[in-house]
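Consider the two complexes below, in which subunit A is the common component and subunit B and subunit C are the respective partners.
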Partner chain A sequence: MSGIGLALGLIVLAIIVRLLPTYYIGLLTEALILGIFAMGLDLLLGHTGLPSLGHSAYFGAAGYTMAILSLRLQQSSWVSASAGLVVSLIIAAIYGLLALRTSGVYFMMITLALAQVLWGIAFGWRSMTGGDDGLPGIARPELRALFPWSLQPPANFFTAVLIIFVIVVAALYVLVRSPFGYTLHGIRESEARMACLGYHVWWHKYVAVLIAGGVAGIAGILFVYYHGFVSPAELSLVLSAEGLLMVILGGSGTLFGPALGAIVVVFLRNLISAYTERWLLILGLIYLLVVLCAPNGIVGAIRARLPGWLDREAEA
Partner chain B sequence: MDFWIVQTLNGISFGMLLFLLAAGLSLVFGLMRIVNLAHGSFYLLGAYIGFTVIGRTGSFLLAVVVVPLGIAGLGLLMHRFLLRRFQGAELSQVLLTFGALFIFADVSLWYWGGYSQVLPKPAFLAGSLTIGTIVFPAYRIFVIVTGVVVALLSWLVLERTALGSMVRAGVDDEEMVRGLGINTPRLFTAVFALGAFLAALSGVIGGPFVGAYPGADFDVLLLALVVVIIGGLGSIGGAFVGSLLVGLIDTLGRALVPELAMFTIFAPMAIILALRPRGLFGRI
Partner chain C sequence: MTSLSIEGLSKNFGGLQALHDLSLEIQPGERRAIIGPNGAGKTTLFHLIGGQLSPSSGRISLFGREVTKLPPFRRAALGLARTFQIITLFLDLTVMENMLLAVQALDSVRFVLYRPLTGYRNIVSQARSLLEQWNLWEKRRTLVRHLSYGEQRQLEILLAVAQMPRVLLLDEPTAGLSPVETQQVVAMIQHLDPSITVLLIEHDMDVAFQVAQQITVLHNGRLLADGPPEAIRKDSTVAEIYLGVE
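Showing the complex of A and B:
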C-alpha cells in the first residue's frame, strides 16, 4: 500500500466519521486510543519479549498528572498534557530500573506489583486524587491559538486522536524496522546471543520500556480527555490485562495487530453490553477462547490462510 | 497500651489468614511458574459457598471441611484441563487465569448478588477472651491457631515426606525432577489443587471477619501477591513471615493513617523489591 493511498484513506475515514452518529464516533475514538496503548505494550511484549503485567501504570500516571494539573492547578492543556507525558516517562524510568533486574514470569509479577503501588496511591489519597470516585470534569483542549477549531465536539476530537494515532503508528513502524528494532527482536529470540555479539542488552530493553511507557502515557492523556474523567480503573490490573488481551487477540509482534485487537474488544464490549448484563462472564470466556483457539491472533490467522499477504508486516 | 496489643493481635490474626491464602499462591508460582490471578477467586468462592452451606445446614465445621475440598476439585479440573497444556507458556497461563477470575466473579455476582455477606461465627467461638484488661474475640484466636497449625503441617509435609521433597526439588529444578522419573504434571496438578484448597479454607475462615463481597477476589489476590513478593517466591517460610509482616503493617497502618491504607503495604513491597528482587526468603 503506497503512502499516498494510505493518506487518502485516512482523510476519507476522517470525513466519513463525521457522518456517523456520535455514539459510533465515540467508540472509534476509544478504540484508537486503546489501540495506541496496545501497540506500545506490544513493543515490549511482541518485539522485545518482555511480558509486562503493569502497563496501566504509565497510562494512568499520565492521565492523573494531566487531570490534577488542569483541575487543581488550573494549568493550560499544553502544560498539563506535557507534564502527563513527562511523568509517565519518569515512572517508566524508575520502574524499568526495578523490573529489568528480573525476566520472564518474575517480570510479570513485579510490573504488576509496581503498577499496584500507583493504584494504591490513587485509591487512598482522596484529597488529591478523589479516591475511588476519581476526578470528573476535565475539559478537552481548545486549540484556538493554533487551529481554528476546538476539540470539544466528538468528531473534532476523533480527528485529533486519528492524527496522533497515525503519528504513533509511523514512529513505531520506523522504530521496529530500524537497527534498534532488529536488536530488540534479537533480544526477544536470544538474549545471550545478542550479549555475545556485543550488544548492550539491558540498555536496549530499558529504552524499549521508556518508549512503551511514553506511548502508554500518550494514550492515557487522550483517554482521560475522551472521558473527561480519571479514576483508579485507569491504573488497574484489569486495564493492563485488557491491553495484553488486545495484543494477543490482534497478534503480538505485528504492527497493526494490537490496534485491531483493541477495535475488536471495544466494539464487542459495547455490542454485548447492550444485550446482556453478563459482559464480565463473556469477557472471561473471550480470554479463554483467545488463548485456546487463536494464540497467534487475528493477524496470525489471516497470515496462515493467505500466505504472502501482509508479508511486510511479517518482518516486524 | 491495650490498643496496641489488640491491634497487634488483630494484625497477627489477619496475617494468619493471609498465610492460608499466600502459601498456595507461592507454591504454585515457585513450582510451575504460574501467576495464578484466579487465586483470589478460590477465596471468594470458598466464602460464598461456605455462606450458603452454613445457611442451609447451620454447621460451620461441615463448611470448613467440605467447601475447601470442593474448591480443590475445581482447582484440579482447572489445572488438568486448562493450564496443564500451557506449561511453560507463562503469558497464556496468566491470560487463562485472568479469564477464569472474570468468569468466577460474574457467576458469583449472578448467584449471590451484589451484597456484602458476612459469614456467621460458630456458636462455640462467638465469645471473647479476657486477659487482664484486654478483651479479644475468641474467633480471632481460632484463626491464629488455624494458621499456625496449617503452617506446621505444611512445613512437616514439605520437609519430612516424599511428596514434600518432590515439591521442593521441583521448585529448585523442575527439569531434573522430571529426569528422575517423577510425574511432574501430576505433581503440579496436586499442588495447584492444594493451593485452591487453602485459599478456599481462608475464604470460609475469613468469611466471618473479612466477608464475601464482589471484588473481594481482587482485594485478597493483591494482598497475597504482596505477601509472596515480600516473602519470596516458592518458599513456605517466606510466605509465613511475609503474611505476618503484611498483616501487621496493614492493620497498624489502617489504624494510624487510614488515608494511605493501600499504600502502606505496597510501599514496603516496593522497597523490598528494590533491595532484594527475589524477596526475603526467595530461593529462585
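Showing the complex of A and C:
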C-alpha cells in the first residue's frame, strides 16, 4: 500500500515540477543529485561510522572521466558514463585499501589527502582537464531506448534524475536492512564485538567504501550532465565538507535525512548567495547551530518530538 | 584432545612482564576460573587467547590447531567466544538487533545485500528463543544503552552463547552486579551446554568456587597454583597473597 502511495506521490511530484519556473526545477534537480551523493556518503559516515572527508574524489573522478571521454575521445554517452562509474569504483577500490588502514580522525585526514591528490591533478593537468577553467560543453545524452523523451528540457531531465534517485534510495533501503547492512551498523557500534562474533570487519568496511564510491560516481555523472560542465570544484574539499554537512544536517544514519539535508543546503545556498558571497561562513554557522541544537539532524529532531514516526522498525 | 592449550606464553609491555612463561591445558567441557590479584595478568591472558593482543612468545592452540597468529574473527570461526571486562555491545542498536548480529555471524547470509535480514526466519527464531529463554524478549526493542548494567552483562553473555562456541571466555562476568543479578549470571553459566569449555576471570570467590571445577591462580604474571577449589582453599601461599589470610 505504502509503495503505491509513494509511486503516486512521485508521479504527482514529477507533474508539479513542470509547473515551476525553470530556475526552481534546476535547483530541485541539483538537490536530488547532491542528495544521492549525500546518501552514499551516509552509508560510510552514518551507517558504518567511517567519517570520509574526501568523498568528492569519487564524484569528481566519475564526472571528469565522463567529460574527458566524451569531449576528447568522442565516445558515446553510454561508454563515457559507464566508464565514469567504473573509474569511481576503481578509485574507491584503491583509496579504500589505503584509507581503511586507519580509523577515526586519521581516516578523515587520509581521505582528505587522497581527494586532494585528484583535485591537484585536475587543477594542474591543463592540457587534459582544462585546469581551473574546467571542461565546458558536455552534451546531455539522448537515451530514447530507456527514456522516450528528450533530456534537454529541464523538467524532463529532472524526471530522469528523479527516477535514478528513487532507484538509488530503493537500493540503499534494501541494503541497510539486509544482513550485510546490519553488519555495517554493528561495525559502527563496536568493531571489537564484531570481530569477536567472527566478522571479517575490514572486508565489510571495504565493500561499504566501494558502494559509497559507486553511488557518488552516479551523482557525479548526473551533476556533470546537468551543468554540461566539470571543474576542480567537483573534486574539492568544499564539496566533501558540504556532503558531510548535508548528512549531519538531515540526520546521519537515517536513509532520507541526507537527501533532506541536500535539499536544505542547495536552497539555502541559493537564497543566501543573493545577499552575500560568504556562503562558506554561513555554512559553518549552520553546522555549529545543528551540532549544538539538533545533534541528530532534522530527522532526529522530528523523531524526538514525534515518537514512533519514522522510528526504527519493530523487528520480527 | 585438549580444547585449549597454552605453551610457554609470555607477554611484555615494554619493560613490564604481564605474563611469564605460562602453560595450561584445558579439557573440553572444563569449567575453570582464573583468579589472582589486580595486575596478575588475567585479562592479558584473555586478550592473548582471544587474539586482541599477540604474545611476545609462546603458542596457543584451539582443538589442536595453532591459533597464535590468527586474528580474532578467525578464532571465532574455530569456536571461540568471549565477553570483556568492560561490556562490549552495540549500544545504539536494539536488543534484538544485537542478537541477530550474533546469530548470523557465522552464517553465510551475512554477506547478503538484497534481502531484509528479518526475512530469514531461522535466524530470527533462533535469536527469539535465546532472548525468551533469558527473559530479555520483552526488551527486544529497547536500545542496549537503556538496559540496566546487569541486563547488559546478561546480553553480552547471550551474544557469546549465540555463536554456539566450543570455548567461552568470560572476563569478570559478575563484576558490578547486585547479588540477585550475580545469581542470574551464575545460573546462566551453570545452564550452558556441558560440552562448552568455560574459562572465567572472577573476583568473587563464592562465584568462582560455585561454577568452576578447576581454579588457576595467577600472581605477577606467573602461575601460582592450579587445582580443584578445595585444594586452592587450603593452599597456604594462595591464602597469603590473595585470600588475605595471615
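Throughout what follows, the second predicted complex is superposed on the first by the 303 of 316 C-alpha atoms of A that agree within 3 Å, B and C clash if a C-alpha of one lies under 4 Å from a C-alpha of the other, contacts with A are read in each partner's own complex, and residues count from 1 in each chain.
Everything below uses one rule, namely that a residue touches a chain if its C-beta (ideal position, glycine included) is under 8 Å from a C-beta of that chain, and two chains touch if they have at least 3 such contacts.
Keep in mind the model is a prediction, meaning the values are calculated, not measured.
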item	value
A:Val169 touches, of subunit B and subunit C: first, second, both or neither?	neither
Touching partner for A:Ile302 - first (subunit B), second (subunit C), both, neither	neither
Touched partner set for A:Ala113, first subunit B, second subunit C, both or neither	first
Subunit A: partner with more touched residues, subunit B or subunit C	B
Partner chain in contact with A:His200 - subunit B first, subunit C second, else both or neither	second
Touching partner for A:Phe123 - first (subunit B), second (subunit C), both, neither	first
Which of subunit B and subunit C A:Ile272 touches, first, second, both or neither	neither
Partner chain(s) touched by A:Leu244 [first = subunit B, second = subunit C, both, neither]	first
For the subunit C and subunit A complex, residues of the former touching the latter	50, 52, 71-73, 76-77, 81-82, 84, 88-94, 96-97, 100-102, 104-106, 109-118, 120, 123-124, 127-128, 140-141, 159-160, 163
Contacting residues of subunit A [partner subunit B, same complex]	45, 51, 53, 98, 101-102, 104-106, 108-110, 112-114, 116-117, 119-121, 123-127, 237, 241, 244-245, 248, 278, 280-281, 283-288, 290-291, 295
Residues of subunit B that touch subunit A when the two form their complex	29, 33-35, 37, 82, 86, 90-92, 94-96, 98-107, 109-110, 218, 222, 225-226, 228-229, 233, 259-263, 265-267, 269-270, 273-274, 277
Of all residues in subunit A, those that touch subunit C in their complex	174-175, 177-183, 185-186, 188-190, 192-201, 312, 314-316
